[in-house]
Amino acid sequence: MKKRLLAMILAGALAVCALAGCGSKENGTGTDSASKEEGSPAQEQPAEGDTQMEAPEEETTTSGTTGGGDVTVRLAWLGSGQDKEALDACLQKFTDKTGIGVETVYIPGSWQEYFTKIQTMVAGGDYIDCVYVAIEGFEMFIDTGMAAPIDDWIAAHQEEYDAVAGDIDQNVIDKVTFDGKIYAIPEEWNNVVTHMNTNLLEEAGLSIPEADWTKEEFLEYCEKLTKEKEDGTKQYGVVVPGYYFGAEAWLYNNGAAYMNDDFTKSTINSPESVEVFQLMQDLIYKYGYAPVPQTGVDEIQLLIDGNVAMGFWGRWPTNNYNANGFRDVAVQYIPSFSTNQPIWGGGGIFTMNASKNPDAATSLACYIGSADFIREFMAAGAIPVLNSVAQDLVSELGYPQNNQIFWESASFAKAVHSPIQYPECVDIVDRAISEILVNQADVQSTLDAAAVEMDSCLMDNIE
Amino acid sequence: MRQKKFEKMGKGFILHLFLVMLCVLMMLPFCWVFSTSLRLPGESFRLPPSFFPTDFYYQNYLDVFSKFPFARFMLNSILVAVTVVALNALVSTMAGYSFARIPFKGKSAMFMLFLAGMMIPSQATMIPVYIVMSRLKLVGSLWAIILPAIINPLSIFFIRQFMMTIPGSYEDAAYIDGAGRWQIYLRVILPMSKSVIVMTMLLNFIASWNNFMGPLIYLSDWNQMTLPIGLRMLQGYMGTGSIGIILAGVALSILIPTGLYLAGQKYFLQGMTLSGLKS
Amino acid sequence: MKTMSVKTNKKPLSAFQKRKKADNLAGYLFLLPALIAFVLFIGGPMLLSLALSFFDYNLIQPLEFVGLKNLKRFIADPQVRIAFLNTLKFLVILVPIHCILGLLLAFAVSRVRSGRMRSVYRGVIYFPTIVTTSSVAIVWVYMFGTDTGVINYFLRQLGGSNVPWLTDKNVVYLTVALFSFWKFIGTAFLYYFIGLQNIPDVYYEAARIDGAGTRQIFLRITLPLLSPTIFFVVVTNMIGVFQIFDEPFIITGGGPGTATKTMSLYIYQIAFQQMKTGYGCTLAFSIFLVILMMTLLQFGGQKKWVTYDYE
């Protein structure tokens, strides 16, 4: 008895040692660049027993380029590292050209989780040189002092910068400019458009609508595309965009928005906004054209599987279409409820304040924003901000049909509202959407309550 | 007489029928997981659903390893659970021994303190512990999940209850042979408490294996993730299109605790029946 | 529990204990590891949490003392009321499910004569508790889908219509309750089962000789003799339900609307998504106070119905 127990504890102790090795090694990779700088080889030698366990980690946790000189830049990237070979290959060219090494830290999860994790990494003293940030995080990164302006770098590398920025709409550059200072090299963006399963359109005898199609035409499409399928399940005409970005895209097309452009006052309960949310609710309950939104259901998949005929997303579903070998899809602008004002949500590479090599970091950012990099790295997914590249890449993919609407609105798309209080606002909007679309709550009173809540959280922005 | 016997048999039959039905219902989700994990990704949602494998598309099981660091998730989960269980057992048995067998000043106050610890919800300590971990630069490391789990007042309570039932005469004998407290703890009390130790170990293993909140807030690196959070990330990445792959992951994640449970069940039962026996 | 410690004090000291009567040093030395861990991970953070509720803190910028601002916000915050109310709803639904159904199940299984069948039943009922909550929760989300889910498919086959398992603010409680029963009934079941095993057979034999039926045996013998276990299960269950997080987080996301937004979910959102650490601590401390009050009430009430002295 005693022996077995001892054996168990011993086994435990062994595991502890292994973990300890793990932990210290993890620190090793964590400060890799630092140790390289100091030329200290000590951390490169894990204990014998650890090597096996460490092997896969070294390969995938972070990945990096080889042949970098004294300077290595740490780049934070959203994702699981599935694209690491492609990314490494692209970044290798940067290292070859500049002698600056790149280590990429992959952080999986949603944008929200990604920002939170970076925030805590920074708080915990784990420094990062540059980071890909989407518009949802712009204000937050600047307000907390995590991001640094790059104007000095631009002044010193004007030519390099112009080669990239010259191909980007001023409208986009404005979105990374705060208080007259430029903070990032923009990279990619998305609008929100109507995606249509062309097989279902054909079955219903419909063609792709005009760019300025109206609410009435839209309802007509919905009606014709909603039907009972042979196996007894329902084919829905449309799935409503019940998420922050998508819903505001609908609001924009009715001249409404969640808040004013100074982020000081909520306008979510304006008559135009109420009208849009009422339409969404009616699509589900009054007309029965749309399914009730549900957590855990992938709506893009519903479109691919033919369970739903129309949905509202940016260009990111092309990844899903690719993965499923699905090509029968077309896109058109969101119906003009009263106007056609495309939305803009994108991201760029920010240089962190804590960076030890801000110069090298910004150079890397600029390289990632350059045509060289984007042409090679991006095929499907978001829309490149570089106008020339965007046109080529989007049409090269060959589908969805009518795909020029992805890039042609870059010069007049309007940014999704993302104040510093973005996490709170998302929470408020998500709850309101869920109350309206799932619990069938009264639209006006729900939005009134949301407006009050949003006002109190935007109060800090009034100066 | 005979009628009564019949009645009894009838009752027994109804009891069995009820329990068998319940057990079948409880196992159905697992059957669905298993059979769907063997379907082609594109056919995961094919209706009618099946509770028994109809296809044998085992590629899903290979994909889950090749497309994701799934082996790494498992290894991390095992590392965390084993470390937690070992450290927790050491800490809890020592404390349990102290509470059960050593008279010392302030013992009941101390014991009440630990009992009160059972009432403190993890949410209440989560944030400060997080801040401490971030200062120690342990955010993102498995230690951030392990360390808080080495103390579990419930384990101490169980072990103390059990050790109190061990007759003092064993200790006396060891003492006369010249053993000190530590030796008595190691050579007398621990071996006699095997059943309750195995029981708390299993309970702690399960708790650690299922821990979701900890990994959710501490782990950001794909390769440092444990199974619960890794699987969730996997779901986020694959979308519902490749549910077969996710379910293959789910099926695999069930494997280890199942094996352990089957292996430890005997001790578990012994531990339970022994737990209450008084000398 | 108090009665127990009193009882040990009354026990005559063994020779060994007499000789080393006041072994303060040894007592605390053995307690030391647990004590350190307790201070580091339970007691200390608890106090820190109280202190932090008077500050604004986002982990990056320095602490800012704000006095009672967080408390004022707490009182005015409608989300707090919603989250507490939802937690309370879960309490009212889930605690009886586990405490009562768990007991009935344990009793039923303990009545099974065949030892092999008994262990099969026990194994199966306990089985779901050992598998990873998040992974099976993912499975349930698929199974409970309104249009594509397995459950609704069978309901349709049987002539029923789709049940909005996850998309109705009331039905969603049924869904979570079903999940909770399936996933966690094993824990309560097992505690009861242990308790039942520990009731000496002599009591049952005596009752049988007196001609008592199953129901009478259950009411007159099982229940009173099991009362310490029942008390234990009720207390731990209530504390557990107050911390309910995984189910709403994975299955419902707190929705629809705010229907299943619990306190722990709200704390997570505030502290780890919105990075309002100070206010998160205020929320967390409030949960502690409520649990403390509830537990004290139960300990006060236990004297009336819990008997410890059958042994």
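Letters A, B and C name the chains as they come in the text, with residue numbers starting at 1 for each one.
What we mean here is this: contacts are C-beta pairs under 8 Å (C-beta built on N, C-alpha and C of every residue); 3 or more make two chains touch, one makes a residue touch a chain.
Computed from a predicted structure; not experimentally measured.
J.: Tell me, which chains sit next to both subunit A and subunit B?
T.: Expected: C.
J.: Counting C-beta pairs in contact, which comes out ahead: B-C or A-C?
T.: Answer by contact count: B-C.
J.: How many angstrom between the C-alpha centroids of subunit C and subunit A?
T.: Chain centroid spacing, subunit A to subunit C, equals 38 Å.
J.: Centroid of subunit B to centroid of subunit C, CA atoms only: how many Å?
T.: That gives a centre separation of 15 Å.
J.: Among the residues of subunit A, which are close enough to touch at least two other chains?
T.: Within subunit A, residues 120, 123, 233, 296-297 contact more than one other chain.
J.: Please list all residues of subunit B that touch 2 or more other chains.
T.: 45, 47, 90, 134, 240
J.: Using the touch definition from the top, which residues of subunit C touch two or more other chains?
T.: 59, 138, 142, 148, 272
J.: Enumerate the contact residues on subunit C facing subunit A in the complex.
T.: Subunit C residues touching subunit A: 58-61, 78, 138, 141-142, 145-148, 156, 164, 166-169, 251-253, 255-259, 269, 272-275.
J.: Residue numbers of subunit A touching subunit C in their complex, please.
T.: 112, 116, 119-120, 122-123, 144-146, 232-234, 291-297, 307, 423-424, 427, 431, 434-435, 438-439, 441, 453
J.: Where on subunit B does subunit C make contact in their complex?
T.: 12, 15-16, 18-19, 22-23, 26-27, 29, 32-33, 45, 47-49, 90-92, 94-95, 97-99, 102-105, 107-108, 110-111, 113-115, 117-132, 134, 147-148, 150-151, 153-154, 156, 161, 164, 168-169, 171-172, 175, 181, 185, 206, 209-210, 212-213, 216-217, 227-229, 231-232, 235, 240, 243, 246-247, 249-250, 253-254, 257-258, 260-261, 265, 269, 272-273, 275-278
J.: Considering only the defined contacts, which subunit A positions touch subunit B in the complex?
T.: It is residues 1-2, 4-5, 8-9, 11-13, 15-16, 18-19, 22-23, 26-27, 53, 56-57, 60-61, 80-82, 105-110, 113, 117, 120-121, 123-126, 231, 233, 296-298, 300-301, 304-305, 320, 323-324 of subunit A that touch subunit B.
J.: Okay, in this complex, where on subunit B does subunit A touch?
T.: 42, 45, 47, 67-69, 71-72, 75, 79, 82-83, 85-87, 89-90, 133-135, 137, 139-143, 146, 187, 190-191, 194, 197, 201, 220-224, 233, 236-237, 239-242
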